[in-house]
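In what comes next, subunit A is part of two complexes: it sits with subunit B in the first one and with subunit C in the second one.
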Partner chain A sequence: MAEHNLEQIEKIREAVKQDLLGGRIDLLLGWEKGHYWWQSRPLFAQSEEDLEKLAWDSFCAVNLSRYLLEELKEHNKVGVLVKGCDARAFNRLLQDNMVPRDRVILYGLPCPGMLDYDRLAAEAGSVLLSITEENGQVVLITAEGEAKADRDEMLLDKCRGCIYPDPAVYDQMLLPPQGEKESPERFKKVEELEAMSAQERFAYWEKELSRCLRCYACRQACPYCSCRECFVEQENPRWQGRAYQPSENFMFHLIRAYHGAGRCIDCGECERSCPVGISLQELNRKLIKDINELYGDYEAGLDAELEPPLLTYRPDDPAAFSEK
Partner chain B sequence: MPRTGVFICHCGTNIAGTVDIDKAVEASRNFPGVVHADEYRYLCSEMGQDIIKKAIEEQDLDRVVVGTCSPRMHEATFRKAAAEAGLNPYLLEVANIREHCSWVHKDMGEATPKAISLLRAAAAKAALNTALEAPRLDVEKRALVIGGGIAGIQAALDIAEAGYEVDIVEREPSIGGRMAQLEKTFPTLDCSACILTPKMVEAAQHPNVNLLTYSEVEEVKGFVGQFDVKIKKKARYVDSVKCTGCGICWEKCPSKAPSEFEMGLAKRKSIYVPFAQAVPNVPVIDRDSCLYFRKGRCQICEKECPPQAIDYEQQDEIIERRYGAIIMATGFDQLDPTIYGEYGYGQHPDILTGLEFERLFNASGPTGGKIVRLSDGKPPKKVVFIQCVGSRDKARGMNYCSKICCMYTAKQAVLLKEKVPDAKSYVFYIDVRTAGKGYEEFQRRAAEEYDVAYLRGQVGKIFPEEDHLVVRGVDSLSGRLIEINADMVVLAAASIARCDAPEVGRLVGINSDSYNFFNEAHPKLKPVETHTAGVFIAGACQSPKDIPDTVSQASAAAVKAIGLLSKDKLQGEACTAEVNQAECSGCLYCEAVCPYSAISPVEIEERYHGGTLKRTVAEVNPALCKGCGSCTVACRSGTINLKGFSNEQILAEVDAICLQR
Partner chain C sequence: MKKIIAREKLPELWAHLSEQGPLFLPIQDGPVVLFQPWFEGAEINLDAVNSAVSPKDLFLPREETFMHYRCSGKQLEMTPVEPGEPVTAFGVHPCDLKAIELLDRVFLGQEPPDALYQQRRENTTVIALSCSAADPFCFCGDFGVDPADAPGADIMAHLSDDSMLFESRTEKGAALLEQAGDLLADAPEETFSREAVQTADFNLQLEGLAENLKDRFDDPAWDQLYKSCLGCGVCTYVCPTCYCFDVEDFGHEAEGERFRCWDSCMYGHFTEMAGGHNPRPERKERVRQRFLHKLQYYPEIHDEIACVGCGRCLRSCPVNLDIVQAIKALGGEKIEKR
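Up next is the complex of A and B:
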């Protein structure tokens, strides 16, 4: 692990240690290393000992804000390390009245973009032992030797279209921010899908969604899914059939996507957590694009004060059904 | 299992002509829960209702489905019949097999199975219907009239005479509106001011009428019986209590601005009353032209005012008041004819609109009542009137007929002849439309006795030449080109909706047609009601109208408002939303989308791991809820549900239609 990375971890630890031990927060949500070196999982730190496990590397993809929903039931005041998407997720929860702002301390971290192990492993060719990073390059270390790859090419899909790597909301910024990024290709895939005929598009999604196991991992990871009882589990009325068939899979994903219209913060956790790799982010991005086109540019999660477009009415709102 | 009775109406041949009633009755007997099915020629008749009532009693029915016309027509009738037989009225369900079925189909083979599907859906929904009670709501015994023209004045006086308080909000400094600008009124030629000003004074003096002039409605909240209205009383800079209306201030005021009342043809002072008979006779200061407000100097009005009524520090004032009913009487505007380049309006002082020409007749108007050319002050000998400038013009103007122009043009031609005996009038028209009591007679007299030449045809070009205007047109009856050397041209510009009508309509929650005129609830049977309960419309804000029609409509609107105010309680909506608070996540999106402010957050306590947790959830105030269902759509988990139209009921309907083929 690179020197500057250890320095960064030390800096983060020092900052949160004071607050945790001094009683300003009861719990810190951060990351720790998982079973493999390429996994960083959530850390629930309540002691100095716990803080020793704190990790901050290129695998801290898990969006931590979602954990606040449960943790705030147990703890009075919670600190969270937030990247750009974690912070937007926090704003989502804030706008949905899911978290009280005064019971959360946000520690901001600028996100370099998280790496995709599958990509690294494929690039390495043989068994990947570890990596180092330098000057926008990833050094892949295998038993056979070392190889280099462009870091941007090794990013998770969800990080490739990221425009806001810095947190939009925080109480304390722990590392210097890095500024907004351009993402000319954010809607490229959506545009390709839009260009298809209805039949082609249906065939595309039918194929994608046919793999869905309905494990609902996407929903569990999602910051806009905060219902106490999801429609898929309701008995009366039973919206979602239990049968494992394409129409039921469509029902789940389309309804879920519509629930995110104007609310999805485009963190991509749904797609990252999907065990069968369904391109769920495209479904969400289609709705983001539609909302932008219909109601003017709106980036969910950037500003908690700005009302979501579907919750406001302006006389010049488009009447998409009657204008044609 | 419910005991449902199905009753199918023939509606004469309206339904029976395309739906096989016997088949529908037979099919209905097999729906789940149906224990009785019957049919009748006219179910809404006394006899028909008796059939339903008798069956409820004899067959011990606890649900009723009627296959009839739209619930908009007779739902109330049948619910009442059910209630008379001891059944909660909300246990009755209407299957609309007329508008939704028999009227849109020709083939009995298609319409019959569709009617059966609709009946099956209604029976499935009815099985889930529950007994509901409508809340009873208070009525604030006061009306608000928006607009102080003749429509607003008449409506307010009628309401006041019935014994209810009424406020008139008028945005101009005086009430009177368009009628105050008119010289004489057709067809009897009585002086407009002579018949209007007594009404203005009556309104001002009536103990039940409160005038809020130079004021505008800022916000309307609430609902029928309880509209909460914010009214902005604009600063006049004159103390209305102290002012005696002596007129010294506007006599002495050194600065001038174009007079709105005179259509810009004359100037008024910066402190002014719009016209001599203004009510109230209290001036306002126009900040934009006043020397003191512009440059900080002058203050002559303040120095000269005997009762010291001038107050430069006066501020706009917000009045908040509750009303039971609202009447919209916001009037109309005149189309600006500059879009018709060929008529040259705006490029020559002797080309006027009808309303501008009207002002020339008035003794206190820009010419002191003399009919003269504004270019050189000479009386015009030849005047060309052009009809339908912007009316009946699909391409460039309005499709509709402005209704008043044929008559006021005839009136102006008659008045012209009286003022300038050697004047000759020419009227270019498409059709002469003079329906109305005494109207045709009046127009014929103008044509036959007052030297008015009616030319059927259109004008293609008007241009100045030497000291006159050349009017070139076509006489479409003879096909000849006509050229008239006119001294003056009068354009009957279309009557159009106020430019801000849609915004004003939105304030009170009523909509407008494609021309921005306010929509009535039904073009024939509810001409003064709107789709918003408790809001009525009167006068030219609904469509172009003459004075008799406007006054009639104003009285009609007043009667509707009086009927409302005379009730002790109003029946509220029974089909209101309710929240399953145990499942509500408290996101309050429902609160954001509720147009009636009927939803608010409430804190509840919940058991959690042996202790208790406090959390916020949504709560519906059933008195405020109108049952629109917006909240149920915004709620992602379906936690908020609409009584009478619950998710379960609607899905039962869908299943009843889709699962049976």
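Up next is the complex of A and C:
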């Protein structure tokens, strides 16, 4: 791990240690290393010993804010390390009245974008032993030597279109900001899909969704899916059947996407979590694009005070019910 | 019987086999590889170490209709689904075949056997494929799996850069090779040598684990282990040894079909009873169930751990809560002797 990175971890650890040991928070949600150098998994730290495991590197993709839903049942005050998307996820939960603001301390971590192991491994060609990072490049270290790759090209899909790497809400910012980014290609795939005929588009989604296992990882990882009871589990009436039929696949994914209209923060956790690689983010981005076009630009999760367009009514609403 | 075919002639063999009945093999579907029926133009990926979802689907499909019903007035008509055509499974890796043998004990090892499973098992010729490479998630070595050999196969296949070698192990396998006729040539007795495949070593101590776990139902380790679990079903659905299922109807009152489909102990409704009581109300109880089923309950009945080290949960869990983490948290890590 680069020294620069160790310095950052030390800085984060010092900041949260004071609060955890001093009793300002009972629990810190952070990341620790998994079995592999390319996996950083959630850490639930309650002691100084736990904090020794704290990790902050280019693999901290898991969105931690969602864990607040469970952890606030057990703990009075919880600290969370938040990247840009984690902070927007927190605002999402706040707007849904799912978390009380005064029981959470947010530690802001401007995010350089998280790396995709599969991409790194493919780029390396032979067995990838480790990586280092320098000046916007990733150095891939293999048994056969070293190779360099452009860091932006090695990002997770979910991080490629990121516009807001800096936390929009925080109590304490721990690292220097990254600044807003441009994402000229954010809606490129959506536009390609829009350009298709209805039949082509249907065929595209039918094929994509045919892989769906109904494991609900997309829903469980999602910060807008915070309903205490999801329509999927409702028994009376029973909305969602278990058959792996196109109608049931569409039922789940389209209803879920509509529930996210104006609420999806575009964190991409759904797509990252999907074990069969369904391009779920495009469904969400289609709705983001539509909302922007119909109601004016709106970025969910950026400002908790700004009501999502579909949750408000204005007499001058641009889209009247009768319009086509 | 040993037969050989040039690699570039494999598509001809696949086309031939698929004429005899559905041929399932690892097909590239979008960004992942899945066992799917062969079709003209399918992108076959024999170099994939493991398919994203295990091929248990061939014997315990994620959805399997077994009866059609039709109801008019007081007349109820039920028609069972007829058994399908013979199936060929091509390219099943040794870990996945070992997992199917573990499922056999559940579905066939007691009376009466599970008819649906039995029918598929008997109806399928399995061509196993030795591994030419391991990915970093493979740790089958811990479970007595030999990446070079699958004892339960009808045909054992080996792939080299330019050819594929088949060795029949059962009559069913020999019949399939015979029937391929001129597409396959007799193979020389000496087979091509391959480098041994190195799998990951997580320093696990599996001997005695099931016994030790008997006293660990209330172990404090569970209080930490489950925390990161999102409560999705990825681990159970990609896993080759998870076999829980549910039965449901698709259709309406007058007409429809009854099917069974995968279910997951990670879901809240899994153990919910009529009246609303749920003996596994939270993620902690569910995570404990999943791991104890693999590591204690199954071994108590069948003398083997219900894991084959395929590594799919290590790869696919969105939060990296996998069986290796569980084994280590529960005393299954080797401690260096001084």
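The rule is simple: the second predicted complex is superposed on the first by the 318 of 324 C-alpha atoms of A that agree within 3 Å, B and C clash if a C-alpha of one lies under 4 Å from a C-alpha of the other, contacts with A are read in each partner's own complex, and residues count from 1 in each chain.
Everything that follows uses one rule, which is that a residue touches a chain if its C-beta (ideal position, glycine included) is under 8 Å from a C-beta of that chain, and two chains touch if they have at least 3 such contacts.
Source: prediction; values computed, not measured.
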Overlay on subunit A: subunit C relative to subunit B, clash or fit: fit
Touching partner for A:G34 - first (subunit B), second (subunit C), both, neither: second
C-alpha centroid angle, subunit C to subunit B via subunit A, nearest 10°: 120
Subunit B versus subunit C as contact partner of A:Y216, first or second or both or neither: second
Touching partner for A:R160 - first (subunit B), second (subunit C), both, neither: neither
Which superposed partner A:L311 touches (first subunit B, second subunit C, both, neither): first
Contacts of A:R242 with subunit B and subunit C, given as first, second, both or neither: second
Most subunit A residues touched (candidates subunit B, subunit C): C
Subunit B versus subunit C as contact partner of A:R201, first or second or both or neither: neither
Subunit B and subunit C, minimum CA distance [Å, superposed model]: 6
Contact residues of subunit A, present in both the subunit B and the subunit C interface: none
Residue ranges of subunit A in contact with subunit C within the complex: 34-36, 39-42, 44, 62, 66-67, 70, 208, 211, 213-217, 219-221, 233, 241-245, 269, 272-273, 275-279
Residues of subunit A that touch subunit B when the two form their complex: 73, 96-98, 226-231, 234, 236-237, 239, 259, 307, 310-312, 315
Residues on subunit C engaged by subunit A in the complex (per definition of touch): 29-32, 34, 52-53, 62-63, 136, 202, 224, 227-228, 230-234, 236-238, 246, 248, 250, 259, 261-262, 264, 267-269, 283, 314, 316, 318-322, 324-325
Residue ranges of subunit B touching subunit A (in the complex, touch as defined): 502-503, 506, 582-589, 592-593, 601, 608, 613, 616, 634, 636-639, 647-648, 651
